[in-house]
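There are structures below to look over.
You will see two complexes here that share chain A, one where it goes with chain B and one where it goes with chain C.
Let's look at the complex of A and B:
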């Protein structure tokens, strides 16, 4: 049994090392190869899907975070460990934001689906024109409006379907408008939007009536004009409908809850945490600037010069203070920053090479043995 | 220069040079060469702080804050592993607040291995890793709450930090924890110096795990990076000398290091006969 498990661990380690090496090799060669080579070998096109793959794997880890939250705080609540009340608050907050975000997402999905169903009306009319132009040889391309059997349905059937669909959409919009009008607390602005929507739907209705009697085998210029007119008016209707739908969606319970929890609570709590920095900076500065050694004395002097150089009052004390402050920031400070960055960068490079080649302590020691 | 996406031959040469140096140092260590590592007071203090926690029965806290999976995290893990072994030996409680779920998976694996190496695999509690939030200030407030509830005797802040650094370090100050910070973000170093008992600056973070564990591979890496840094410094000296000469005698044509490193493949093809 032990031999099997040791063998499994060894295989797992070997597979991990091979995968690490191959992944590292890909990015290394992508980084060091000239642009022309990358393009010639077609790596450029593959690079984005590969990078996205890494993002997808990373996203999967979010599940680990959720499991950890539930197990850590769930067990605390179940066994009533010290501070279990905080865990209850956290779990309730977690549940509230998950439910609110999910329902808000479903609501926005419903809105976009409904708007798309109106938008498709204009696209349908446009497609009939394009297909007719291709069939009559006035335009190059491939006919797209194929029936499931693979043949282009007759023009009259397509027009009839378009008319039927248009009438259906207009009827639905009229019903929606009537329903929204009697909803309590509808504002003046919303009434104006509804008026615009009604006007747009009437225009589409009018354009549809013209098409109802069209039954010729191919489109004449007047018919094409009528379809273009319907397409344009359907586009206008879709944007008016989208405005109304989004305005209505913003007053739904899920959206209001989302606004309250995320925009009203979470963002402001984050700002409050950030605001704590001001207080903490003062407390930390008091501790750091107590002159206890040569280093803290130097730090105190430098900080004093920088602070006085920053304010207009400093100029009155000594006219050169802003210039000294600038020099302190640009010369010694930049030099120190660059030294830290260089050191950390070189160390990071060495560690990255070690990780890429899987040069780990255990493998090395086992080899040396 | 072709930008960040594609290296120039000069950069490729530097990467190969780094590899050569690393393998050379590994070979030297394998042949029994002993490298000297200077004292890092912050790490010595960390070891004594763990002892203090054992006396007072207080937990130890370790955070990698905003660090993502990458070289900095692996440098932090070296320290965490060495620390976890000590914590396991003293039977102390270790609390590791987490910012990123991806990092959490790696940290958990590494902690489990450390407890196993210390001979106390069964004492490892997966709940010592606490996922707080992937939002910067939500993480900071969660960390503060955890700090005030757990009241650790020692707190280590290792890795990448941003504006929340001072919030985290001040929370430790308030509960009287001995704090050691190490950051590769130069902007945050000043905050840590003001608030923490010891601060490891920049590359010291990478040297810390070698200093604590004295493992041959880690020591070899440390030696290789020092040699590489010396070479980089000589390139800087070359650049300064060239710039000085060029400013004194503008008519002279001097090959600047920047020209060599940033020249793309086409320029190199033109140079090579």
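Let's look at the complex of A and C:
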């Protein structure tokens, strides 16, 4: 039994090391290879899906994190270990934000689906023009409006479908506008947006009437113009509709809950935590920032110049302070930081090579044996 | 009262007084912010070209990063440059929604009759995981709207006319990165380039990362820098010089409060050294 499990661990280690090496090698060669080589080997087309794959694998860490939180804090609550009340607060907070964000996301999807159903109208009109141009040889390309049987439906049928769809959308929008107008607490700004939407839907209605009489076998320039007109007006309608829908979505329960949790609680609590640093810095300035040597005196002078050069009062003390501050940051600071970055870069490179060859982590290296 | 508590009290008063009484002073002139204004103001953007702005900050650095995001977006909106917003920091999600909306509403109040609308002035692509790999893929994507897919509300980005024809990264004329995180900014400097294409890169950083950001400014990889709240305050002053109706009063009050806190810290350093010197002298005298 032991022999089998040791063998399994060994295989797992080997697979992990090989996968790590191949992943590292791929990105290394992709980054250093000239564009011509990448294109010659067809890597360019494959790079996007490969990168997405790596991003997806990385995103799995979120799932692992959730499982970890639930198991650690869940067990603490179940067995009432010390501080279980804090775990309850954490789990409730976690649940509240997940439910709120998910419902807000579903609401957003509903809104975008509805807006897209209006947007399709313009695309439909445009598609009829393009297909007709391809069929009559005025344009190169592949006809897209095929029926399930693989044949292009007659122009009159496509126009009739377009007219029908347009009338349906306009009718629905009129009904929506009437409903929104009588909704309590509709603001002046929302009324203005509804006026714009009504105006846009009337324009589409007018453009649709012109198309109703179109039944010839192919499109003349006037017919094409009428379709272009409908496409343009449908685009305007979709834009106006999108604005109204977005405005309405901002007052839904899920959005208000999100605003309360994110803007009302999380944002302020996070800022308050960070703001405590300011108070600690003030205490540290009094207790620890002492001149004990020439070096510390130099450091203090530089710090004072940088601080005074950045604030409103500094220029009243000496008008050249901002310029001196600028010089300090651009010359001595840049030189010092470049040296630090260079050192850190070399160390990072060594670390990357060690990770690439799986000799850094004891979990995957032979040393753990 | 013990010194620690007195220090805390003094610090709170120093920060709160300018905010409560609305005290404001003209900010200090910062060359890096001025340089950034001139870069954003002069960059040539043709129809179909956009600005790409990362807002990589959360509630912890919002005090410094939000004013920077506001002034940069306000300037881009005033220039009618379509802005594609995104973040690689999950906590920024709420700011991606709120900040551009508030700027658009403010500009519409300022210039009655003109509109800045979602889908025309900006699109929110939301949080994107993947770090440096995401940036590399974005740069190599043949069609950025297709690569990014849908916006934060699930609408395909290619459905917005101002963003539909972006194509590849060459059409991104200006890149802005507002963050308190050094790693994300480094990845953009390192990977956001292709076949000789280098974007006009501007950056807003927190005060603590200013020294590190200066090496990129000095090398020319960075064309402009907003240094903490002070940088944003000076940038807003330059905007106000060109657009007198622009309201930066709140930002100037914040900057004044920050200045008061700095003065307090300088005073405390001085007091701490005087106390230490006196006690050392007493000890040496016996």
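Please note the rule applied: the second predicted complex is superposed on the first by the 272 of 369 C-alpha atoms of A that agree within 3 Å, B and C clash if a C-alpha of one lies under 4 Å from a C-alpha of the other, contacts with A are read in each partner's own complex, and residues count from 1 in each chain.
Just so it is clear, contacts are C-beta pairs under 8 Å (C-beta built on N, C-alpha and C of every residue); 3 or more make two chains touch, one makes a residue touch a chain.
Since the model is a prediction, treat every value here as computed from it, not as a measurement.
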item	value
Partner chain(s) touched by A:109 [first = chain B, second = chain C, both, neither]	second
First, second, both or neither for A:283, with chain B first and chain C second	both
Touched partner set for A:182, first chain B, second chain C, both or neither	neither
Touched partner set for A:51, first chain B, second chain C, both or neither	second
Which superposed partner A:341 touches (first chain B, second chain C, both, neither)	both
Partner chain in contact with A:269 - chain B first, chain C second, else both or neither	both
First (chain B), second (chain C), both or neither touched by A:239	second
Touched partner set for A:151, first chain B, second chain C, both or neither	neither
Which of chain B and chain C A:72 touches, first, second, both or neither	first
Overlap of the chain B and chain C footprints on chain A, listed as residue numbers	31, 35, 58, 62, 266, 269-270, 273-274, 281, 283, 285, 287-288, 337, 341
Chain A-facing residues of chain C, complex	3-4, 7-8, 10-12, 15, 25-32, 58-63, 91, 93-94, 98, 117-120, 129-131, 133-134, 136-137, 140-141, 147, 150, 152-156, 159, 161, 195, 207, 210-212, 214-215, 217-218, 227-228, 230, 255-256, 258-259, 261-266, 268-269, 271-273, 276
Parts of chain A lying in touch with chain C, wherever the complex brings them together	27, 31, 35, 44, 47-48, 51-52, 54-55, 58-59, 62, 105, 108-109, 111-113, 115-116, 119, 235, 239, 242-243, 246, 249, 258, 262-263, 266-271, 273-275, 278-279, 281-283, 285-291, 300, 304, 307-315, 321-322, 326, 329-330, 333-334, 337-338, 341
Parts of chain A lying in touch with chain B, wherever the complex brings them together	28, 30-36, 38, 58, 61-65, 68-69, 71-72, 75, 82-83, 86, 266, 269-270, 273-274, 276-277, 280-281, 283-285, 287-288, 336-337, 339-344, 346-355, 359-361, 364-365, 368
Contacting residues of chain B [partner chain A, same complex]	2, 5-7, 11-12, 15, 18-19, 22, 26, 30, 70-72, 74-75, 98, 100-102, 104-105, 126-127, 129-131, 134-138, 140-141, 145, 149, 163-164, 166-167, 169-170, 173, 184, 186, 189, 191, 193-195, 201-203, 205-207, 213, 215-218, 221, 224-225, 228-229, 232, 264-265
